Amino acid sequence: MSAFIAKRLGLAFLVAVAVSLIAFFLLRISGDPALAIAGEGASQADLDLIRRTYGFDRPLPIQYLDWLWRTVRGDFGDSIYFKTAAGPLIFSKLQTTLVLGFAALLCALLISIPLGVLAAIYKDSWIDRLCLGLAVVGQALPNFFFALLLIMVFSITLGWLPVSGSETWQHFVMPTLALGYYAAPAFMRLIRAGMIEVLEADYIRTARAYGLPAWRVILRHALRNAIIPVVALTAVQLGFLLGGSVVIETIFALDGLGYLAYQSITYKDFPVMQLIVLLLSVIYVVLTLAADIANAWLDPRIRVAAV
Amino acid sequence: MPALKTLAAALLAAACVASTAAHATKKDDTLRFATDQAPESVDPFFNNVRIGVIIGANVWDTLIYRDPKTNEYKGNLAKSWKQVDERTLEFELREGIKFHNGEEFDADSVVFTLNFVGKADNKVTTQANVNWIEKAEKLDKFKVRITTKRTFPAAIEYLAGPVVIHPAKYYAQVGPKGMNEKPVGTGPYRVAAYVPGKSITLEKNTNYFKDSPKGSAKIGKLEIRFVPDQQTRMAEVLSKGVDLIMHVPKDQAEQMGKVPHLQVVSGETMRIVFLQFNTLDGAPGKALKDPRVRKAIAHAIDREGIVKNIVGAGARVLHSNCFPSQFGCTDEGMTRYKYDPVLAKKLLAEAGYPNGFETEIFAYRERHQTEAIISSLQAVGIKAKLGFSQYAAMREQVRANKSQISHQTWGSFSVNDVSASIPVYFAFEADDISRDAEVRDLLVRGNTSVEPTLRKAAYKVALTLIAERAYTVPLWSLPVFYAGSKELSFKAYPDEIVRFWEMSWK
Amino acid sequence: MLQRCLHNKAFAIGASLLLLIVICAVFAPWLAPYDPYAQNLELRSVPPFWTEQGGWAHPLGTDQLGRDYLSRLMYGARISLLIGVSVALISGLIGTTMGLLAGYFGGKIDLLVTFLVTTRLSLPVILVALATVALVGGSLTVVILVLGLLKWDRFAVVMRSATQQVRALDYITAAQAAGASTPRILLGEVLPNVMPHLIVVATLEAASAILLEAALSFLGLGVQPPLPSWGLMISEAKADMFFAFWLIALPGGALATLIFAINLAGDGLHDLLGAEGRVG
């Protein structure tokens, strides 16, 4: 087990280093960040001044190492645009995004588990086809378009929900739906497949033969086993949801990391952009690492196979 | 599907709670305003976005105030002032004014602020706003002298606009960074809370000085939120989530005017729109070097039609490259290029392009307008590709001599003097891509004379030459549309400054 | 085979819808009633035929600049399909190469590919794409390249495991024993055998690329006007949605229909070919 963990940790570390390289160099391919910072009406002297102040005149590898060293020590630098420390700025927005991410995940599971179970129980019936149909339709609807439809219905026509902001839990209802529904089909398919497999397994048949009530068999035995692969997917999906929240948070002006990411992109705020990409990537690395270790702990076969 | 039903029921319950939550508005004396851009810093010297200028005018004061209705200068923090010589101004300051943190306003505030921002090392965002300041000196507790680096007649205009006064002790202690985090001014509103990138809350300054030409604020609380998406801002005002938005596009403004609980107010702004031609050597495509081609383009664009159909009410067609209210701006006697596609084709044929040519137009905002221009050019045979980008990226291309035609707009930082507009594009500065020495010399004369008639005369000749040689096609001024609650009483001004202190509930 | 295809309802519906859209796209120059770029400032925002003010001159109305909406939608299909196909080709080429090599050789190469895939997966796609387009400047080519270079992960993962399964099969061992060169085995023996998986992943990735382009264009950081991309059309019309809902409903509906058709066809193919590759 410890060999497995060491190996996974090593991989995670290498990935984190690679991601930091990408986050740094990606944002330098445009050429001169000084031009972006300077703004309307800046002179050549202003540009030179900016280059010196931010150290853009040094060789790139030095800039990278310097940036990495400072980041590792927890010195995240200042936001070029907001003129305030980038670290606190980003971490103050993280909470909103985490709330949205988990709510969306919960929403996806609330939709997908019942539908997946139903589809599996009534395999190949009209219910199954309806559920699969819903999944395909759901996956076809672009989430930004769905978000606009929600605003039309719930804010403009019915006047029930606030359009934008993050003050109350009501502000989270539409963003959660818009982000969560899109993750639901993947879960639904996985649960359906898992349930079908488990329902056909011997011990379920036996339980049924002993006359245990159908719902009890389904919930206590079948679902419990079918849900294991879902746990692994959850970690991956949460990562996707956090990344995907940039579109939804922007539409609903929800004051989270995704919205800040969009702002930093439009304002060419390099330190913030880099940190958000890095932070989301590291969160993903940690999540998958945790999921891997949890899985290996649950299922010894994985450990052996992976080592 | 029980799960769906449960979900629907939960949603319904959630929605009912939300709908009963009272909207903060007239009842609790809170005006909610949504805007697209978040300011980079709340300190007015360290941002260059519209909302930054607006917050600056509401939270701070300037030495002088320009009455937007009469364009007359009035004393604000200064009681009176006089021009001592070409480069020296003296100000008598008002007594008894307090900053929001209790610090007293006096000569030290003015001297410290001006000397701080005037120093290039302190990196004020828009250097043009402050780089004319040589120094400020204290004569006594309520008397200061300001010296300009060169003869600079527009100084009064800058002192009535972007140059706000900070509290000396506080600013010396916390600097621009602290000023951004906890802003302190003397203005009719004070900053109660600021969450970068999200919102800023202002509260009425109950101790605002009586003699201010601005007058005290009437509405108790302001909530300014930063909402990037146009349609989200519109949804907010439609669903009564906010009370006021600005920069609504023309078509939507017309529709919103029909909504029972909304009113739409429109007005012209100082932002001018023009096409800038690259006539330098080494520019991509040589067609634009020929004045006949440039004139053909001017004749090919149906400016009246585009203003009527796309730009909207409040805009006017321009014939010279500046905003008419600016000191020194005139279109009297300028060459006028009326809409005449036949003449345009004739000019193109004379220049050797009977079948037109291919070119590219750079643009960064008002895309509808650029697209309308492209289609006008297509009608006379000029095939123009659209290169749309962020402002900074476009400017980089223009400065690197890579542009052909660029669709420029310029707001002059709301400074009501042509020294803030034409020289940027014609005085051999980075954005000058026609480089006409004759025009430059005239502009320098206009910028550095003190005698108003001399200045006007110099600018007029410069503008005439620019029009005659067709270095640009002046298009139109941009209007601004506000949509707001019918309960609110508000006005639109050409300088695009939202004067919250003048607003009241009906 | 054709018989089976027609019997699989999902595939039949998806493929016919897709075929219809492809025909619209390919023959747009002949089918579209107007030039999609031609403006008419006198006829702006004309509503579609089923409304009171609508008419048959512009069956689906006109946009904010008086351009015929039906024509723009037809040309828009070209852009979406072009993006779907090109991105699937680029990312497919990268991902399949990696997956084949990793699955066939195993060992260090496999480790390297696993590392690359993990790194790629940990990068938030939308964010990285947005940032890149914002920095480089948006255009059709840039969007295709950025998405193509980002979306190879599923190809690599699926091809790797499929190759691992095929590799142990008898005829591969036989080919190796007969002295066939490695490239020959990979391209001649392994690739044809993993093709069903490849096709299924390609359909999914094409659909996902089309959605991503639409999202980028929606945020103003995708393809640039006046190209009639459906995402861009939604973006241009989003301010109109409260007063002229059809302006966003039509491109939004078109986009959803295309993705629906591709996904349905992909699902059908998956069943028909018995491939595994569905991740989500």
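Chains here go by letter, A, B and C, matching the order in which they are written, and residues are numbered from 1 within each.
In this text, a residue touches a chain if its C-beta (ideal position, glycine included) is under 8 Å from a C-beta of that chain, and two chains touch if they have at least 3 such contacts.
In this text, all values refer to a predicted model and were calculated from it rather than measured experimentally.
*Asks:* Which pair, B-C or A-C, has more C-beta contacts?
*Replies:* A-C is joined by more C-beta pairs in contact.
*Asks:* Greatest Cα-centroid separation from chain C: which chain?
*Replies:* Taking each chain's C-alpha mean as its centre, the farthest from chain C is B.
*Asks:* Mind checking the centre-to-centre distance between chain A and chain B? Centres are C-alpha means, answer in whole Å.
*Replies:* So the centroids are 39 Å from each other.
*Asks:* Hey, how far is the Cα centre of chain B from the one of chain C, in Å?
*Replies:* 42
*Asks:* Using mean C-alpha positions as chain centres, tell me how far chain A is from chain C in Å, no decimals.
*Replies:* So the centre of chain A lies 22 Å away from the centre of chain C.
*Asks:* For chain C, jot down the residues that touch at least 2 other chains.
*Replies:* Each of 134, 238, 241-242 in chain C touches at least two other chains.
*Asks:* Mind pulling the chain A residues that touch 2 or more other chains?
*Replies:* Answer for chain A, listing residues that touch two or more other chains: 148, 156, 250, 262, 266, 268.
*Asks:* Spell out, as numbers or ranges, the residues of chain B touching 2 or more other chains.
*Replies:* Within chain B, residues 229, 231, 235, 238, 390, 393 contact more than one other chain.
*Asks:* Could you please specify the touching residues of chain B with respect to chain C in the complex?
*Replies:* 229-231, 234-235, 238, 249, 251-252, 255, 305-306, 309-310, 367-368, 371-372, 374-375, 386-390, 393
*Asks:* Going by the contact rule at the top, pick out the chain C residues touching chain A in the complex.
*Replies:* 114-115, 118-119, 121-128, 130-132, 134-136, 207, 211, 214-215, 218-219, 221, 231, 234, 238, 241-242, 245, 248, 252, 255-260, 263-264, 267, 278-280
*Asks:* Would you tell me which residues of chain A are touching chain C in their complex?
*Replies:* So the residues of chain A in touch with chain C come to 11, 14-15, 18-19, 22, 26-27, 29-30, 132, 136-137, 139-145, 148, 152, 156, 183, 185-187, 189-190, 233, 236-237, 239, 242-244, 246-247, 250, 261-262, 265-266, 268, 273, 276-277, 280-282, 284-285, 288.
*Asks:* Name, in rising order, each residue of chain B that touches chain A in their complex.
*Replies:* Going by the criterion above, the answer is residues 1-4, 7, 11, 14-19, 21, 34, 38, 40-41, 46, 48, 120, 123, 125-128, 176-177, 180-181, 195-199, 225-229, 231-232, 235-236, 238-241, 390-393, 395-396, 424, 429-430.
*Asks:* What part of chain A is in contact with chain B in the complex they form?
*Replies:* 32, 35-36, 38-46, 49, 53, 79, 81-84, 89, 92-93, 110-111, 113-115, 118, 148, 151, 154-156, 158-166, 168-170, 173, 250-253, 255, 259-260, 262-263, 266-268
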